[in-house]
Structure formats: structure tokens, C-alpha cells
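Each of the next two complexes has subunit A plus one other chain: subunit B in the first, subunit C in the second.
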Partner chain A sequence: MKPLSIKKWTFTLVALKILTLSVFLLSLSLGGKLIWPFGTLSPEDHNILWISRLPRVFLALMTGYALGTSGTAFQGLLQNSLADPYILGVSSGAALGSILGLAFHLPFEMIPVLSFASAFGAMILVYTLASKNKQVTPHTLLLTGVILNAFLFAFILLLNGLVSFEQSQKIIFLLMGNIGTESFDKLLLVTAFVFVGSLFLTREGYALNLLSSGAESAAASGIDVPRHRKRIFFFASLMIGAVVPLAGLVGFIGLFVPHITRFIFGPDHRLVIPASGWIGAMVLMLCDTLARSALIWTSYQTELPVGAITPLLGAPFFLFLLKRGLK
Partner chain B sequence: MKRKIIILFFLIFFLHGRAETKDYQRLISLKPNLTEILFALGVGDHVVGVTTYCKHPPEALKISKIGGYSNPSLEKILLLKPDLVVMIPDSTSPQLEASIRKAGIATLVLKTNSLEDVYESIEKLGEKIQKGERAQKLVREMKHNMCVSSRESASGGDVAISRVNSGDCFASLAMTKKGILVIQRSPLIVVGSGTFLSDLLKFAGIENIAGGSKLAYPRFSMEQLIANSPDVIFDMDTAPDPDFWEKYTSLPAVKNNSVYFLDPDLFVPGPRLPKALKNLHEASLH
Partner chain C sequence: MTLKIKDISYLYPHSSQEALKDISFEISSGNIFGILGPNGAGKTTLLKILTGLFKPSHGEVFLEENNLHSLSSRERAKYMAYVPQQEEIFLPFSTEQIVLMGRAPYLGLMGFESEQDHEIAQQSMKETDIWNLRHRSLHELSGGEKQRVFIARALAQNTPFLLLDEPTAHLDLRYQMEILKLIVSLNKKIIMTLHDINLASLFCQKIIFLKEGHLIGMGNPAEMITQENIQKIYETKVHIYKKENASLCFPNFS
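The block that comes next holds the complex of A and B.
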């Protein structure tokens, strides 16, 4: 691995932040109606832009960041290029937590906490179940993830059968993956979770570099492997737990964004962890802009859930990368 | 060969067209609005099974439940030994209907999407259970009351009825306000076109800003709602939340204090529709 200079690190991240800001402004202006945020706005446009569109684009940013970063962390830690929160069952864990909160009418402040706890629980469970003699083979891990997903879904469907018709609608949108206009206090809470998670995950970059070449060699380099592993699980689950109650199960971002990021910036996790967050944020903001505006001017006059867009773009891209022999 | 096919077609239509009517004794309804219609036709005491969503009239609460809105239990239906099951055409109905018929039980599938569908279905159901006259009377009353409601509001000055036919109330209404009927706020789902609710809006003299959508209940864009500046918003979400609308200060409906929260239980495609329309009028003309 080439050494990473502070200069390159700073430069890349500043550039990515500027790019993200541009995509943010672009997503903010695009939609059913083209609105340039810096002009003088009619009252309608003002409402569309700042009350309806801004919270939505912001949620896409946060969700994309959380999914991108945690996907990278999982892939590095587990040395498995197919590991992503969705496939491992961590997202389903978070969804189960949020749906429990929804079913019992808990106040929103409680829901990300519950969602985080069950995401973390799912992560620990999938890891413990998949490990044999302190070894986790990629195969076993993915299969365990598939089974855990099915198991968690059974509970979700059970709850779905018990709640009212309206709540059941909400659950379905949650399972589809859907970015909507949320209130600022909810977004603030989510942002706080994602911020803390990203801060600590970025700090794990060096450990991840060692871990991604195998637990044994990492231990030989003198780091406390179980402790770092737990930390990474904890903070990744924190971010997933925060975004899933609002955005639901948005698939593919956590899978292909880390690949693109490593493809562009190389394997160093100190850089790739935050970089994949910003790239995830950009991708999801663009996906949601498409979901928001694609069908508005057709005779259906409707919106799509973002969950219908991410695999549409993500799956072919991922297959393309696979064909090209990317690990 | 061709001739055979034609004869076959005739036979099918002939047999199909001849609805068998009978004095059915044990009825099951698979939708809340059908339950209401059965009670309105005076056969409530013959209803042996309803859904968990059938809460009107209150007598329906005491009847055995066959499942929820979209997941009726075939076993429970068969256990109740009905001689007629009424349902609406939806995603589960073809398979379910086939199974029930196979068990030798009569079925009746009734469309209740638009107002016209509701009238037709009431008459069809009435005929089937030998309550034809009562059904026709019910439809006449409903049409009359819809008409009265529209006329009353017309005298309020907002809606003009240009033509009233004998008995049948055909109202060509001047659309004086733009409005929207919200089914669910988040994600936003509204009334589009071709439903009894879009018909009610028309009767209330309100131009539906989502009326251009081909879908019955589109998931609508909040941005488009704002851009179309509705004068009036009817919100039917089960949890009324005025704060949700207050923040959109540009909306004429918010400025004029014309956001109304309606009881979704009343807006069911059945005999209570005139009452629902009255509710809509009273809200918008207060």
C-alpha cells in the first residue's frame, strides 16, 4: 500500500466535500420544477425548495453517507467484497427495531436507539454464528446473513400482520426504501448519530487497513483485534440504526459505493472510509432526485420510492464490475 | 368451427347474463362497504361473516370475523357455511372466488370504484338477494340526497347546478375551487381519478389538482401539490396533524384556513356517501 500523505488526504476530502455540495445544490434545484436556490423565489417555490425538497435531499445525503461508509467498513473488516449492511441483515435488524417502535407508538427519539440496538444485535449475531474457531469464511458469513435476514423478516411480517392498516402501509414503505420529507428535529437526531458514527469509523481507518489483510496479521501488528472489530460493528450499526427508521431498506448503496470508491482512491481505509461516505451521499441524492421527478410529468403524476432506483442503477453497474474482474 | 365458437360465446354470455337469484340465508361480506350495503338492504341479520374492518353499522361488530381487509381466511369463510359471499374485484379476489365457488358457494363480485359503480352494485346485489325494489329505492334516495346536498351548497353561492333531471340528479357543476383530497400524508397519497372520491370532489364543485393522474390513488409529489396552489385541502389521514400543513405558508388553503380533517370512516363507497358529500360541503363552505 502506498503511503498516504496528509496533503493527499486533506485535498481529496476537501474536493469530495465540494463535489457533494455541488450535487446537493443540483438535487435541490432539480425536480418536478426547476428552481435555482439563489434567485428570488415566489412563495410557492420557496415552500417547494426549503420545506419540501431541502429535508428530503438532506436525508438522502445522510442515508447515502451512512450506507457508503458502513459498507466499506464491513467489506474491509470481513474481507468480503459482497458484505453490505443490507445483505448481512444489519439493515433488517434496524428495520425490525424501527417497526417495533412504530408498532408500540414510541416517540421518535426512542426509535433510532431501538433501531441501533437491534442492528448491533443483528451484527453481533451474524458474526458469532458465522465464525468457527475464530475464523469467518466469506461463504458462511453471506449464508448466515441470508438466513438471519429471513429470520428477521419473519418477525417484521408478524408485526405487519398485527398492526393497523395505516401502520402496515408505513411498514411497506420502510421495507421498500423510501426517502421522504421529514421534520428537521428528526433529521437533527439522525445527523447527530451519523456524525458520531462517521467520526469514530474514520478513526478506525488504520485498524481497518490491518484488519483487511486478515485478523492474524493484524494481531501480529499489535492491534487488539476483537476490540477494534466490536468498535467498527458498533459505530457502523449506529449509523445504520439512525437512517433506517426514516429511509428504510435502501439496498445496493452499501454494496457498490465502496467498490467505486476503492476503484478511484485505492485501498487505504483512512481515506476510503470517509470518501465512500461522500460518494454514497452523492449517489443517493441523485437517485432520489430521479425518483422524485421521473414520473411527475407522465400521465401517472406520481413519485417512485428511491428503493426502486438504487438497484436499477446499482445492479448493472455491479455486474459490470464483476465482469471486469474486480475483487 | 367459427360458428361453433360463436355459439359457444353466446352460450357463455347467456348463462352468465342470467343471474340466479335466490333467497340467500347466510351471507358473508369481504369488504366494509359491502357490509354496509347489505345492512342498508335490510339483510343485516343474515350476515354471518365480515372483516375486522367492518365497523359500520355497529351491529356488524358482533358478527364473526373472516380476516382483515386484504387477507381473508378461506377456511374461516368455509367454516361459517355461507350460501353467498360478496366481494370486490381486487388482487386476491379471482383466486379466492374460484376456491369459494369450488366449494359450491355462490359468489358475487361487485365493483365499487366510482359513484356509478356503487349505484350499479347496489342494484345488482339487491337483485341477487331478491331485494331488487329495496335496492332501487336505496339508489334513488342516495342520488336524491347527493343532489340535495349539491343544491344546498349551490344556494351558498359557490356551486351552480345547471340542470337537474327528474329524480336523477345530473349536476353540471362550475368548478370554483382547486383542491386535493389527501389519503395519507407521509408518504403523500391522494385521490387521483376514476374513484368515488374523485366523484365526490366533482359534486362538491372542486377541481381536483391530482385529477390529471391516470392512477386512482397516486403517490403524489408534495412539490406538485405546492406548485398547484390548492384553495382547499381535505385531509383524511387517520392521525390529524394541523402542524404538517401550517409550515407550507404559500398554500392558499393554509392562508384561508381551508385545511379540513375528514373522518376516513365516513368516506366509504356505500350508502353513507350522501352524508360524506354533505360533510365535504359543510367543511368547504363553512
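The block that comes next holds the complex of A and C.
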């Protein structure tokens, strides 16, 4: 693999953005009814396309981007090929925050903030609990994540028992992972969070290259390791905190998208951080399109939650990695 | 460039016993400096303090007039390059990518390397004889080759000092000699920890002995490697043989 040049970086990212736009338009057209977004539309098609599908496809894009990028950042920083926001408990942290917001009837603007705060808290907690003498081993980290996940889930279930039926319905959707139609002001807020997070995480790409080759070498090369670690935790949690209140716990995207991206583009995080975002966005838009259209030819007039699709792809992949040897 | 170590002590967190106690010495003349001592003597701790990775609990390290530990990590990395003991690199970076990482202290925000950075990396790969391995992933290389890659990365950092932690550990005899010959051929001030007293005797111009965190002595290998010193420091009886300028020691079996 040749070293990365600015030219290759720019070219690849432009190409990925064009590709993402194509997948976006494709996802917009597909579904219960095939609608081509260019051309004159009947009022009914217009409603389906712009009011019901557009926000949904857009949310899939944002969520996929956030999960892909933050998964890459976690794997590089923790030098662990099985790390992802879901497994580490960051997503559950975000879910708990969102559900608390829901249970206490907070206005929506507050919920991503609360969700981010508890995602960041969960990340710091897992890292601190897993570290011993400033060393974190992959096994301990994953086990700590699993345990925290179980703990947070218990909390969520407890809350679920206390709230109204309507709220409980929402909680179930959140836990399943579900991309639904959301209002544009909610999406705007989420986009702002994801945008800021992606900007700062992309800036951390070079530091992540050094960090993924060992904290000690990174420090000796002039990297302020604790500062970069905190920044990466912070901005990855920011992105997760933003998307979880709307999309819920969509698993495995943050695990396998980084692997696919590194497989295609090599290990350089300056490129892989943004690239895994765009690939994650494409994968999740396609998964959601599948979730929307999988049952249309059957007599069930319903949709699958996207949270049921991603593990179908992700779980075998996880097992494959586990078999191949945990690093 | 002179490195002055003044009254250094180091206490690890959650430990009650100091790993280093009141260490003072100066590195001025001589290019190859060895840190020796038994396991747990504090060799690596001392080396990590000199790289700036650890901040001493007490005492200071001066680089000419500057306190090493009040420099920013980026500034410090322009003076001190560090080759850790064999380390695992998680992702399959190519040799060239790893060596280019040595340019980190000189790069801008996004870390894109200039033409000049590429030239410096190329030169250090040629100096360490790994130019033909540049497209290979580090995961495919042998122990000796990996060690060369890490040395090349440190060279690309373009520092007056090069610090190495046990550069010959895990290497067979041929690679041990290759690596040490390479190290002494570099035009740098070298500070390294070594387990092997005889290799230190052959390659170092000055050595210090540490035991249980204390500095036992400092001098050239011929005057430091004596029967009394070795017995006191390693608690092992040895014979000393003089060969050319080197003092070589062998354990006494009887």
C-alpha cells in the first residue's frame, strides 16, 4: 500500500460522496412503491417521497456515518478489531440517556445532549474500569463493555416498567434499532452534532495512525496521548449520542464497516475515518431500504426494523473475526 | 549536546517503593551509552524518563539549558527518538508508512507529508537497509527486520539523541550483531539499555550500572566490568577475560 497523498485523499473522498449521493437517490426511489425522484409526481407520490421517505433515508445516512466513523476511531484508538460503539456500551449509554429524557418528558432539544453525556460517561467508565496500571487489554475491555451493557439494559428495563404504554412503545423501538420518519427540525439538530463530530474525528486521523501503533511510540513521536484519547472519546460519543435518540440501537454497523473500509483503502486513518463514515452511510441506507421493502410481496403489510437486518449481516462477520483470532 | 540528569527519583503509581532513587549523571562525551543492571533495576524506567515518556517524581533532566520535561511533547520529539522493545502494531501498515510516522513532530494539522519528509524517510530506510521492504506489511517481517523498521522510524525523526530499549532482545546472534553494528554506525548520540554485559563491553563507550533503583557506577566498560562489580551487582560469580580492548565476562560454574 502506497503512502497517502493529498491528491489520493481528495479524489477518494469526492468519489465516495458521489457514490453516497447515488445510493441516497436509489434508496429514495425504492420501497413499497417505485418512485423516481426526478420528473413530475402525483400528489400522493410527492407525499411518499418527500414527507415520508426523504427524512428516513436521511436519518439512515447520518446514523450510518456516525456508526462507521466512530467504530473506526474506537478500533484504532483501542487497538482492538472487535471494538464498536455497541459492544463497548457507548450506544447503550446513549440509549439510557435518551430513555431518561423520554421518561421525564424533556423537550427534544435536550435529549441528544443527555444522550451524548451518558454515552461519553459510559465510554470513560468502561475505559477506566478496564484499565490496570494504565494498560488496557482487548479481552478486559470487551468483557467490561459486555457487563456495562447488561447493567445499562437492566436500568432501561426498569424504566420501561415505570412509564406509560405509549412511552414504552417508543423504548422498544429504540432498543430494536429502527429508522423511522422524523421531523426535519429533529434531523437538523442531529445533523449539526454529527457534522461537528465528523469534522473533529477526521482531524484526529493522523493521531489515530500513531496511536494504533502503540501509545508509547505515539507519545515518543510527539503526540499528547491522553489529550487525543479524550478528544476521540468525546467526538465519537457526540456522534453516537446524536443518532441514538432517533435511530436507537443499530448494531454491528460500527463493527464491520471499519473492517470493510480498511480492506479497501488500507489502514491510514486520515482516509479511513471519513471513508468509513460514507461507507457506513451507504450500508445503512441500503439495509433500511431492505427493511422497508422486504415484506411488500407478502401478505404482511408491515416493515422490518433495521435493527433486525444489521445483525443478520453483522453477527456472522463478528464470529468470523473471533474465529480468525482476537487482536 | 549534553544531557544532565539531576537527582532523579521515580515512584510508580500504586507502588510504595521507588523504582529509581537519586540518580545523577551526565552524558556529554562519547556517543554510545549503555544502561546495564539486573532485572528490575530500573533500566527501562530510566530510559523512559530520558525520552520524556515518564515524568520523574523528583529531580530534573536538562538538555543543555532546557528542562526536558517542561518542553511540549512535540518539541521533545525533535530531540529524543525512541525505539521501544519489540511492539505489536495492530493494523497492517506498510514499512514505508511506519517510517514516515517518524516525521510526526514536523507535520501540520492533517499530517500530510511534504516532498522533503518523503526524502528523509527514504534516506533513513536506505541507511537501515530496508528500502526493498518498503511496500511490505510489518506483519510479514522477521524480528530483525522489524527492529530495523523501528530504528528507521526513529532516524526519520531527525533527532540528536536515539534511545533504544533492549534493541537486541528476542534476536538471534546474527541479528544482534547486525542491529548493534547498525546502531553504532549511525551519527547519533545513542542511549540504550542492554541485558548482555559482553555486548555492552563490545559496543558501548560508556556504561552505567543500576541496581534496585540506585546508580552503582559509571565509566568505560573496561574499568566497570570487573569481577567485584559484577558479583556485587548481579550476585553471580564470574571470570573476566580481556580481549583486545573489551572485558568479557563468563559465569563461574564451579
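One rule holds for everything that comes next: the second predicted complex is superposed on the first by the 313 of 327 C-alpha atoms of A that agree within 3 Å, B and C clash if a C-alpha of one lies under 4 Å from a C-alpha of the other, contacts with A are read in each partner's own complex, and residues count from 1 in each chain.
Note that a contact is a pair of C-beta atoms (placed from the backbone, for glycine too) under 8 Å apart; a residue touches a chain by one contact, two chains touch by 3 or more.
In this text, all values refer to a predicted model and were calculated from it rather than measured experimentally.
Asker: When the two structures are laid over each other on subunit A, do subunit B and subunit C clash or fit?
Answerer: Partners fit side by side after overlay.
Asker: Applying the touch criterion given at the start, work out whether A:303 contacts subunit B, subunit C, both or neither, answering first, second, both or neither.
Answerer: After superposition on chain A, A:303 lies in contact with subunit B alone.
Asker: Using C-alpha centres only, what angle sits at subunit A with arms pointing to subunit B and subunit C? Round to the nearest 10 degrees.
Answerer: 150
Asker: What is the contact status of A:124 with respect to subunit B (first) and subunit C (second): first, second, both, or neither?
Answerer: Neither partner.
Asker: Just checking: does A:205 make contact with subunit B only, subunit C only, both, or neither of them? Give me first, second, both or neither.
Answerer: second
Asker: With both complexes superposed on chain A, which partner does A:217 reach: first (subunit B), second (subunit C), both or neither?
Answerer: second
Asker: Rounded to the nearest Å, state the minimum C-alpha distance from subunit B to subunit C in the superposed three-chain model.
Answerer: 41 Å.
Asker: In the superposed arrangement, what residues of subunit A touch both subunit B and subunit C?
Answerer: Shared contact residues on subunit A (touching subunit B in one complex, subunit C in the other): none at all.
Asker: In their complex, what parts of subunit C are in touch with subunit A?
Answerer: Residues 12-14, 51-53, 72-78, 80-82, 84, 87-94, 96-98, 100-102, 104-105, 107, 109-113, 118, 135, 137, 150, 153, 157 of subunit C touch subunit A in their complex.
Asker: Once bound in the complex, which stretches of subunit A touch subunit B?
Answerer: 31-33, 42-44, 46-48, 51-53, 161, 164-166, 169, 173, 178, 180-181, 292, 296, 299-303, 305
Asker: Can you check the complex and tell me which residues of subunit A touch subunit C?
Answerer: By the definition above, subunit A touches subunit C via 1-6, 9, 76, 79-81, 133-134, 203, 205-207, 209-210, 212-214, 216-217, 219-224, 262, 266-268, 270, 327.
Asker: Looking at the complex, which residues from subunit B come into contact with subunit A?
Answerer: Against subunit A, the touching part of subunit B is residues 53, 68-69, 71, 184, 186-187, 192, 210, 212-215, 218-224, 226-227, 229, 237-239, 247-251.
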